[in-house]
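Structures for review follow.
In what follows, chain A forms one complex with chain B and a second complex with chain C.
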Partner chain A sequence: MIVVPEFVPAIFASWYVPAIYAGIIIAFIGLIGIAIQKRDIHILILTDIVGLAMLIFVAAVGTDLAEALILPGLVVELAEILAISEILISREMRKSNKQSSLLPLPMVLDMEIMTTAPNFLVLVLLAFGAFLTGFTGGAVAGGGILLYIISRKSRGLPIAEIEGIGGVSGIAWCLWIIGFVLFFIAPDLWLLSLFMAACGLVLKVASKIGLIGAMIREEYNRE
Partner chain B sequence: MDLASLGGNILGTIPLGDIVLYVTPFHLFMFVVVLIFTALIAISRTETQVEGSFGTLKDHKVSVGLSEFKSRRFLAIICGLATAGAMITGDLFNFTLFIALIGIVNVGIVSAVKQIDVLDAAYQYGIIAMICSLPLFGGASIILASTGTLSLFELASMATATPMMIFGSLLLLMGVAGETGIAPFFATKAEMFRTPGSPFILIIHLSSLFVIIRTIEILLIIIKII
Partner chain C sequence: MFDLSIWLYAGIILAILGSIATVIGPGVKDPIVRTFNTEVASIGVSLILLTYNHMLALMTLVATSVVIVLILLRAISRLEEMGSDA
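Right, the complex of A and B next:
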C-alpha cells in the first residue's frame, strides 16, 4: 500500500528506497570506524555519523510529518553527544585529579584582523543582522557580538560587562510569543505581528550567541 | 491483536489534533504505578555505602554530596516522568522520544559520580544508546513511511501487516533494547549500579522494565501475529 498524493512526481516516491540504502551504508561506515578506533573521543565523534544516518532515515519519508520529526531527532542526538562528552570530561578530570575549564584552549588568536578592524566588522555585522531580522539576522548579529568579545580578549583589553543580557533575551522571547499569538487572534494585523516576531527573534538569537561569549569569558576569568 | 484484548476495554480517547490518545486499564495502571514510584523517589534520601576491607578495620563511608544529590534527584524525577509518558502515549514517535529521553537521563544520573569504573560504564552505555537511536527512530520512520500514520489507534485498526511494517517494528525493538540497556547490552548497566545513591540509581532499572512491557504491547499492535 503506497499512500502518495497524485501531485507528487513519481521520481520523488521512487527515491525512498535508495535513501534508506544510503542511510544504511553511512551507518555501516560509521560502525566500521567505531570498531577500528581505539581512543574514546574518536569513538564519540564517529558515533555522530550513525546519528546522521538516523536523520537520513527520518528525512527519507519526505512528508510534512517527517519534517516535524527531524528536529526532535536532531535535538536528541545533540543532547546525547553532550551528555557523553560531559561523562568523558569528568572521567578525565577524575583520572588526572585536576580541574580544567570548559574550553581548554589558549585564547591567543594571533591574527591581524583581531587588531586592525574588528570594530568596523562588528558594526557591519550588527547592522546587517538588524536588516535581516529573524533567525538568520540574530545569528549574524550574535556572531558580531562574539567577534567583538574575542577581539577585545585577544588584544588584552578589559571587556565591558553587559549585565542582564539574559533579561533582554527573556523580553525578546515574550515579544516573539505575543507576535505569534497575534497572528491567530487578529490576522488583520499580520504585518505588525510579523515584525514583532522577527524583532523578538533577532534579539533572542543575538543575545544567545552573545551569551556563549560571556560564558567563555567567565571560564577564563576563573583561572 | 486488537486493542481491547491487549489492554482491556477502551475507557475513552483524548483527541489532540492528529494525536489520538486512548486510555485502557492497562495503560492507566502502568502510568499510575510509575507516578507512585516517581513520587517515592522524589521524597527519599540516598543511601550511604560502607566499603569494608578484608582483614583490617579501615572501613570507609562513600556518601553523596548535596549538589550531586540534588542533580541526581532531579534527573531521576525526569526519568520517572518520561517513563510515565511512554506508558500513556498513543503516538509512536512520542514513544520513541520518551525512550530516547530515558536513555539520556540514565547517562546523566551517573555522570557526577566519583568512581572511574562507573564513568567508564556510563560512557559505554551512552555510546550504545547513541548508536541505537538509529534503529529506534529509523524503525518509527519506516512504519510512518509504510502506513502513513504514527497513531497507535490508527495502526491497530489496519487489517494486515506488510513486510515493511514488520521490518520497522523489529528495528524499533532493537532500538529500545539498546536505549534502555536490556538483554544484549546489560553489562554496562550492571556496572553503573556500583555507586551509592540507591533509590535514584534504581529508576534506571525500573524504567527499562516498564518500557519493555509497553514495547511488547506496541509490537503486538503493529505486527498482528495472533
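Right, the complex of A and C next:
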C-alpha cells in the first residue's frame, strides 16, 4: 500500500511505479558496468550513470521536496567526481613519477580584458555580490576574487597574500548559526536574523571560491 | 494535444538506452566516447525532470552535467599525458 498525500497530483502518483522501475533498471545496468570494469577512469565515468538513477528515484516523488533534495544531490555528486578524479591523478603521478600539466587545454589567459579593466570589473562584482547576499551573492563575489587573482597572475604581478581566510570562514559560520537560532528563540527579530544568515553565507561562499583561486595560484607557483 | 505521459516514457527510454550505451555501446574502450554516451542518459533524465515540472533541478542538472564532462575530460587527458592505462 502506498500512502499518497492529497497535494500530489494524481498523474504524478500514477507515474510513480514506472519511474521507480526505470530507476532500478538504470542503477542495475550501471552497477553491472562498474562490476565488470577494471580500469579506474571507466569506473569513475560509470558512477555518473548510478547518480542519474538516484536522481530519477528522488524525482519520482513529484513534490517540492523532491526538487529540494535533487539540488544537494547534484552538488554532492559533482564534488565526489572532482575529488575522486584528483585522487586518481595524484596516484598515477606518484606511481609513474611523471608530472602532467595542470590544465591540459590549449588555453592562453592573455585576453585584453585581463590587462585593461580587471579592477573595475572586480569592484562591480564585489559590490553586486554584497548587494545580493546569500548563496548567489557569495558566488558572484567569489567570482570577482577569482578574476582578480587570475588577472594579476596573467600580468605577472605579485598577489597580496590574505592570511586567515579560514578565520573569516569560521566567523561566517557563527553568524549563520546565530541567525538561525534567533529565528526560533526570538521570531520578532526575523529581519535581523535573516540578514545575519545571509551575510554569513555570502562571506562563507565568497571565501570558499577565493580559496579555489589561492589553490590554483599555488599550483602555478609550483611549476 | 499529446498525452503528458509521452514525455515521461520518452525520458525513461532515453535514460535506459543511454546507460546501456555507456556500459556496452560501440567504441566504449575509449573513455572519451564513454563520457559522451553518458550525455544521452543525462538528456533522458532532463526530460523526466521536465515532465515533473522540476525547473530548478533541471537547470542545476544541465549546469552540473557540463561541469562533470569538463572534469572527466581533464582527468582523461591528464592520465593519457602520463601514459598510464588506469
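Quick note on the criterion: the second predicted complex is superposed on the first by the 152 of 223 C-alpha atoms of A that agree within 3 Å, B and C clash if a C-alpha of one lies under 4 Å from a C-alpha of the other, contacts with A are read in each partner's own complex, and residues count from 1 in each chain.
Just so we're on the same page, a contact is a pair of C-beta atoms (placed from the backbone, for glycine too) under 8 Å apart; a residue touches a chain by one contact, two chains touch by 3 or more.
The structure displayed is predicted, hence computed values, not measured ones.
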{"item": "Touching partner for A:87 - first (chain B), second (chain C), both, neither", "value": "first"}
{"item": "Touched partner set for A:44, first chain B, second chain C, both or neither", "value": "both"}
{"item": "Touched partner set for A:66, first chain B, second chain C, both or neither", "value": "both"}
{"item": "Touched partner set for A:134, first chain B, second chain C, both or neither", "value": "neither"}
{"item": "Touching partner for A:77 - first (chain B), second (chain C), both, neither", "value": "both"}
{"item": "Chain B versus chain C as contact partner of A:95, first or second or both or neither", "value": "both"}
{"item": "Partner with the higher number of touched chain A residues, chain C or chain B", "value": "C"}
{"item": "Shared contact residues on chain A - chain B and chain C", "value": "40, 44, 48, 53, 60, 66, 77, 81, 88, 91, 95"}
{"item": "Residues of chain B touching chain A in the complex", "value": "93, 97, 100-101, 103-104, 107-108, 111-112, 114, 116, 119-120, 122-123, 126-127, 129-131, 133-134, 136-138, 140-142, 144-148, 150, 162"}
{"item": "Complex contacts: residues of chain A adjacent to chain C", "value": "11-12, 15, 18-19, 22, 25-26, 29-30, 32-33, 39-42, 44-46, 48-49, 52-53, 55-56, 59-60, 62, 66-67, 70-71, 74-75, 77-78, 81-82, 85, 88-89, 91-93, 95-96, 98, 100-101, 103-105"}
{"item": "Chain A-touching residues of chain C, taken from the complex the two chains share", "value": "4-5, 8-9, 12, 15-16, 18-20, 22-24, 28, 31, 34-35, 38, 41-42, 44-45, 48-49, 51-52, 54, 56-57, 60-61, 64, 67-68, 71-72, 74-79, 81-86"}
{"item": "Contacting residues of chain A [partner chain B, same complex]", "value": "1, 3, 16, 20, 23, 27, 31, 34, 40, 43-44, 47-48, 50-51, 53-54, 57-58, 60-61, 63, 65-66, 69, 72-73, 76-77, 79-81, 83-84, 86-88, 90-91, 94-95"}
